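Per-chain numbering from 1; labels A, B, C, D, E and F assigned in written order.
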Amino acid sequence: MFHHVKELQFNARVSKPDPRFATLLLEQFGGENGELAAAMQYFTQAFAAKQPYPDKYDMLMDIATEEFSHLEIVGATIQMLLKGVNGELKDAADQSEIMAVMNGKAAKENVIHQALSNPQFGVLSAGGPRLTNSQGIPWCSSYTHSNGDLTVDLRSNIASESRAKLVYEYLMQFTDDPYVKETLSFLMTREVAHFEMFEAALASIKPNYPPGVLQADPRFTNQYFNLSQGESARGPWNEGEMPISPKSWDYIADPIGHVKETEGLQNQEDGIAKEMKLTEKLNKELSKTRSAEITSSEPNGVAQWSNYNTDKNE
Amino acid sequence: MFHHVKELQFNARVSKPDPRFATLLLEQFGGENGELAAAMQYFTQAFAAKQPYPDKYDMLMDIATEEFSHLEIVGATIQMLLKGVNGELKDAADQSEIMAVMNGKAAKENVIHQALSNPQFGVLSAGGPRLTNSQGIPWCSSYTHSNGDLTVDLRSNIASESRAKLVYEYLMQFTDDPYVKETLSFLMTREVAHFEMFEAALASIKPNYPPGVLQADPRFTNQYFNLSQGESARGPWNEGEMPISPKSWDYIADPIGHVKETEGLQNQEDGIAKEMKLTEKLNKELSKTRSAEITSSEPNGVAQWSNYNTDKNE
Amino acid sequence: MFHHVKELQFNARVSKPDPRFATLLLEQFGGENGELAAAMQYFTQAFAAKQPYPDKYDMLMDIATEEFSHLEIVGATIQMLLKGVNGELKDAADQSEIMAVMNGKAAKENVIHQALSNPQFGVLSAGGPRLTNSQGIPWCSSYTHSNGDLTVDLRSNIASESRAKLVYEYLMQFTDDPYVKETLSFLMTREVAHFEMFEAALASIKPNYPPGVLQADPRFTNQYFNLSQGESARGPWNEGEMPISPKSWDYIADPIGHVKETEGLQNQEDGIAKEMKLTEKLNKELSKTRSAEITSSEPNGVAQWSNYNTDKNE
Amino acid sequence: MFHHVKELQFNARVSKPDPRFATLLLEQFGGENGELAAAMQYFTQAFAAKQPYPDKYDMLMDIATEEFSHLEIVGATIQMLLKGVNGELKDAADQSEIMAVMNGKAAKENVIHQALSNPQFGVLSAGGPRLTNSQGIPWCSSYTHSNGDLTVDLRSNIASESRAKLVYEYLMQFTDDPYVKETLSFLMTREVAHFEMFEAALASIKPNYPPGVLQADPRFTNQYFNLSQGESARGPWNEGEMPISPKSWDYIADPIGHVKETEGLQNQEDGIAKEMKLTEKLNKELSKTRSAEITSSEPNGVAQWSNYNTDKNE
Amino acid sequence: MFHHVKELQFNARVSKPDPRFATLLLEQFGGENGELAAAMQYFTQAFAAKQPYPDKYDMLMDIATEEFSHLEIVGATIQMLLKGVNGELKDAADQSEIMAVMNGKAAKENVIHQALSNPQFGVLSAGGPRLTNSQGIPWCSSYTHSNGDLTVDLRSNIASESRAKLVYEYLMQFTDDPYVKETLSFLMTREVAHFEMFEAALASIKPNYPPGVLQADPRFTNQYFNLSQGESARGPWNEGEMPISPKSWDYIADPIGHVKETEGLQNQEDGIAKEMKLTEKLNKELSKTRSAEITSSEPNGVAQWSNYNTDKNE
Amino acid sequence: MFHHVKELQFNARVSKPDPRFATLLLEQFGGENGELAAAMQYFTQAFAAKQPYPDKYDMLMDIATEEFSHLEIVGATIQMLLKGVNGELKDAADQSEIMAVMNGKAAKENVIHQALSNPQFGVLSAGGPRLTNSQGIPWCSSYTHSNGDLTVDLRSNIASESRAKLVYEYLMQFTDDPYVKETLSFLMTREVAHFEMFEAALASIKPNYPPGVLQADPRFTNQYFNLSQGESARGPWNEGEMPISPKSWDYIADPIGHVKETEGLQNQEDGIAKEMKLTEKLNKELSKTRSAEITSSEPNGVAQWSNYNTDKNE
């Protein structure tokens, strides 16, 4: 159950209206890396986590709720940046000011003028935030990832926080309002804090690599296919030890020749039988473990989400 | 600022898994008339209302927050209806049960079997809710309406609640789990309650018709164009008194002839000059009033959303 | 069957090209509250209405056809506002004028210059209307609502007309072309006229509340949950009599406490048994009535949509 | 201006309900190659054609209006194929029949059972057509093409009619209702008729190749790059005379070598200067012609779409 | 299997940054008629063609691969047009230059200033191409057509190439950078070359009309319905011989009267029995032929895509 | 420049048709975590990396090209799983087999029958892959992330590979065809290999934390807001040392009280001045470094993407 207090988590303020920046800031309201995307991603991930992993559920709901609170801060800031637009549009019988602006006869720094560069502020929302990105694209749940596996979901979250942090960093370059910068700095920093929370949570799951349950197939794990010819580079991603797996990279300099020679990579499993067996064993063990974690936490009979006492009214 | 308590607003329970109904229920999680759509519609409308109409802001945020809480109830119910799916998928090394089902060798009522009729439960969410409708269409903010005018927004909300109520009514016919029906009955009823709240709020605004600020143009207000020929019907929508405007309907039986004769409706304003003047006057008055309501509520200088005391740290 | 006459329903004219306003006007051509959305909404609703409610079918098709005719007026106006763009682009071997504009060496008020602020006019439609909104978002049928129940569909329509009216009101502030204003005033007014038609049609259905067939569950009908704390407001939406239901609002000042105390709202149905019975009875009666209205109007055997005589050629 | 008569263009009939086929048939109602897509494509193309090419405008509006009429036929057929669904859903208080079906206790051929395989019929439209494709994807105006040039638009239309014809051909294999097949045969055939209309119209424009105004650059017109190695085939598309241009194909057997050797195709224009000049000349001539066709048809001063007499009321 | 060489197919160069044109050029990167749309259309069509029509498969893959290579050229050009944007944004601690531009205190021709007119370059991609059109709409696979029939697919491709050619033609008018124009001229011309390849391939299929397998129904093939009244035009699309079918057009001057008189076009098949028989015969023959072409090319038993030798490792 | 060899990178085979699994496998062809999404993500990221970071550019293009090659493998497998569908549909005049299946009179395991559960295979692609997910949602470029900063892009890629790996893991449970499983095992494993490549590349950038350029604001870095009440959990994500930053978590047990007390988090910066200064210093340094890396790699004058020699033809 959610509730709301009217005070914002951070004391958001705005020195003066700036519809141009309000347009850019929509990116964090209804954009692909914005606050709604973050909130809904963690919120939907939380459902599958609740019974088997109540500690991760608690964390996901804590952070999801904070992201909702940030969504409110961003919306409030956009609304304040658009001060004057709604009031002006309500003066529907007297369009003198708007047309003066439209016709270049009014001061250039006029608020209305800037608002017009974003049609949605003029004719759809009438000077308020809408759940679109900075170019008017409606928010879409495809922006969120929830895949029923914490070793994957937490990695999705780390990437999401990285992108959200970067977008705030870019946005901060387009305003010199000290109040707005203060708010953006707060919001940007919280993405970094969430990043570390998700890193810590991921590290607390053992094993967490590879993501999911199954091991990689040892026959195809360490090849690097040099598929882009010309000025090819070598680095830790294709030579020396692999960063996680206990193998060395196998650099396939001529992938087409190699593929043809191996008849479509069929003939390269020599001497790998033992490794295949080990993989199979690990797969079975982790499958049983992870499956049991979940299954054992699901009660038999009637399912109930909350801990309510239902004795008296049955 | 939002916060969250782990108890649901309603004690949602499920007798036994039913992935088939979980698929249908997605309509209220990520569908066009679902709980997220309602929550986000009222939440975005609230920003523009806060300063000029704090009472309506309070109502919009109360109901938006309840809709978020309903979204959680729907998600929790879907998760419980999918019990077993995630655990089964985690047993990644042993697919015997799943394939037995796939090949028709397992009991027909098997949970996994039903889950497979919705691919997203099998290969994307792994047995949890996703923000899509019952056919997998991602939720999209185009489902929400926020237009910066309460006489319009409240009517959008009344329609939204009507549709949401109807979808619950339809859904209730596809389950006979008494616990699930109880939850759906609660959720359906709350849509009706919200409907009445919005009706009452709309009635408290004077005038609230026509929606927005401007009067209708008296030259074109009362014609009914009979544009679909054959078995044409008459009723209060095209004969007798108009329901709101103090005029009678003017039934144009032959619209093409009429349009040609009036040279594109140009010549029908005879004797309407007085009415035109009145309209203009009303437009000016209401424009000033509504514009002033908003403008006067916006403080000069630095804008601040919350009532925080900023003296000590400036 | 549709047909078309080349004369517009209203004599749309344009004083001089204005690509900037053409961009805004797209909102009513391919936008979420535009003419196509209205036309397609009423058109799709009409199919289910035809047999059981031929009078409402007639009204829906009359208005849908008028909206198609308005779509044509809007498209024609956009085309006239873009005069010069297509011809200029066809002069493909001589780009001197366009580049002069691009490089700021031509007069600022140049038509081409303004057209370039909307890329779709320059490189996609080449100076004609496209079915997008003012920001280029393609029209999408999610904008329309058709739910197989007139008490809901008509309310969706009232809301749609409200929004469409408001968008015209906003648009009228961004042009001072008297011909264009005249056309917009006509179109805006027709939305108001349609609003009243739908109101009258809704009032002619008895009962029409709650929307759909089922009554609200009397246990959950009248609570108002005060879920947004701080400066909470009271008004007819949460105190005194409910506007439609014969009950008083029950204001839950502390929803979290209340929910916990009632174990998830389970224990509040005391003394409500009689009301529950009545609800059940009303549900059964209206279910039978509405179901019979529809079923009885569907002929047995071969279904035929039109009244054609098929004797001679069977 | 559109109008409507209640009789369909074709006497659509249905032997008995078949919700399963109704689902497939949605492809022609709200699918990418369906009737709405065709209608809207020709309708939007028509605006730019009206003044310079009134004969093509007439044809586009004739066919667009027929496609609207076909959309109505498809919708009517879907509605008849779903007979019983809406009535059953309205019996909201008595779900016995629906649940009997859901639980496998009712006859397999039951209409409701089949309807449930498409969730939108059960919980959104309640047994009527919606503007989606057969998988529930909402119709989107990206399906239509309107590019302000008849030599391109007519080719888009020929392709659209080809696809629409093919989809009807596929659909006809999934029903054995003779009435429905008759309707589909009519609709399929009309797509072929329209195909020929567009072919004839395209042939009446001289020159119509290349599409648009500019000639192809003679340096890059006739190379065929053999970019997919292994079992390469030769045919009239890469050897011998080009089908339209008066040149022979130049088969580049080793594109990578060729590109490197020519330093990115820079050095191959030898002896082509004369051809370049001719191209430039042709470009200038056709640019002037096409530009003039359009510009000269646009009247000076106030633009008016219809031929109304405006003398008396100015 | 794909591979890549770092050299572009064409030596793309840019004289100086021009973010404004970069925005327009996105139309060919991620727009509906752009290079990705073409590449993916031919690539997906190729799968069904591989076994029955290996020569067409080869052609489709040759051209698809060239379009991928063109996508790379367009992306490289956009990146070069945005030189300076990414570096400037990375100077995150010193926003002086950006704000000087934003506040109108820096030179107007500044690169950053122009980049800001496209929000995605400022806050999402940070100065690189994204897969959107010129208005920020994400690329969507609905732009591609692949329908499992070469007589249809090739016509879709001819239309696609026509539109792509036209968009390049339009784009060339908005830049005067000679290097960029050179690249655009190359790309535009290749669309024309592909157009001819598809024309030649279509002509090599006998018969290829009507598209697909089934003949048109002779009862409904040649009527032209005059559904748009007023200034109706006659031309080869509605009078005289049909361009392909060996019939004359039948001009229905009064479609509504005709439809009513024929009871929904039911009674017009007189004397057409012989033609119907012929149609049926042709349908059967071509069905068998086309079906056999495909079926006979599909090997029995295990299917293998490539010609690898699998003897040794089975 | 891309090229193509007809041999697949892996020798994909299929034992027998299985349209049901083909539907699920679409998730990796046109789904949000599929091969096209991966290929396009790395491909678009590569443009910005080319000049400043040619080694990372090489890696991104190597992996992007491998993903395109995997897309081809997935498409080929889907095509083989659908053997028989296209040929059957081409037998357009004889629908006996299809209707026998539709009417339950043919063997249940029939290929056509299974194909019909996915409408797109029956009426759109006619038995070939389309760029949609398993529920028919068109692929959309919103699935890809490219943000002009390698410390962010590489993290997006790690998350993308994690999700892609997991989806293959899920898919492997829904087939028991040993050839298909072999192919899926190869593809799944390559996602793991790419994961490690991106990890290694990220580790080679110093510093790479926080993502982007700017440091976190020290005032807001380490608070954990306990916003979900009830059964709150403690773990390394909210107690003890932070995993990366050299601080300890500050657990805000009562966030609402804390926020009110600090007047919206304004008053908590005591004693943090020194840390603020350090942050500012780090920000300036890294800004200069990263900006210079990019700027210095961009040549002055004409930009050219490839290393072609242009002397001779200038």
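Side notes on the structure shown:
Throughout what follows, contacts are C-beta pairs under 8 Å (C-beta built on N, C-alpha and C of every residue); 3 or more make two chains touch, one makes a residue touch a chain.
What you are looking at is a predicted structure, and each value in this text was computed from that prediction instead of being measured.
Common neighbours of chain A and chain C under the contact definition above: B, E. Interface matching across A-B, B-F or D-E places the copy of A-C, with more than half of contact pairs shared by residue number, at B-F.
A centroid comparison over C-alpha atoms places B as the chain most distant from chain E. Over half of the residue numbers at the interface between copies chain D and chain E are found on both sides, making the touching surfaces mostly the same.
In terms of the distance between Cα centroids, chain D is separated most widely from A. Here the spacing of chain A and chain E, counted between their Cα centres, is 33 Å. Computed from the mean C-alpha positions, the centre of chain C lies at a distance of 26 Å from the centre of chain D.
One inter-chain figure worth recording: chain B and chain C are separated by 12 Å, centre to centre, where each centre is the mean of the chain's CA atoms. Looking at chain B, one finds that residues 1-9, 11-12, 32, 61, 65, 69, 89, 92, 124, 126, 135-138, 140, 142, 147, 149, 167, 169, 172, 212-214, 227-228, 231, 255-256, 259, 263-264, 266, 306, 308, 310 touch two or more other chains.
Taken together, the touching pairs give a contact graph of some other shape, not a line, ring, star or complete one.
Under the contact rule stated at the top, the pairs of chains that touch are A-B, A-C, A-E, A-F, B-C, B-D, B-F, C-D, C-E, D-E, D-F, E-F.
Within the complex formed with chain C, the residues of chain A that make contact are 1-7, 89, 92, 95, 98-99, 102-104, 116, 119-120, 122-124, 126, 135-138, 306, 308-310, 312-313. Chain D makes touch with chain E in their complex at residues 5, 7-12, 32, 54-55, 58-59, 61-62, 65-66, 69, 140, 142-143, 145, 147, 149, 151-152, 155-156, 158-160, 162-163, 165-167, 169, 172, 185-186, 188-190, 192-193, 195-201, 203-204, 210-214, 216-217, 219-228, 231-238, 242-245, 255-256, 259-260, 263-266. On chain A, the positions that touch chain E within their shared complex are 20, 23-24, 27, 31-33, 108, 133-137, 167, 169-174, 176, 227-231, 255-256, 259, 263-264, 266-267. Here chain F touches chain E in the complex through residues 1-9, 11-15, 30, 36, 40, 43-45, 47-48, 50, 61, 64-65, 68-69, 72, 75-80, 83-84, 86-94, 124-132, 138-142, 144, 146-149, 179, 212-214, 280, 283-284, 286-288, 290-295, 298, 302-308, 310, going by the rule given at the top.
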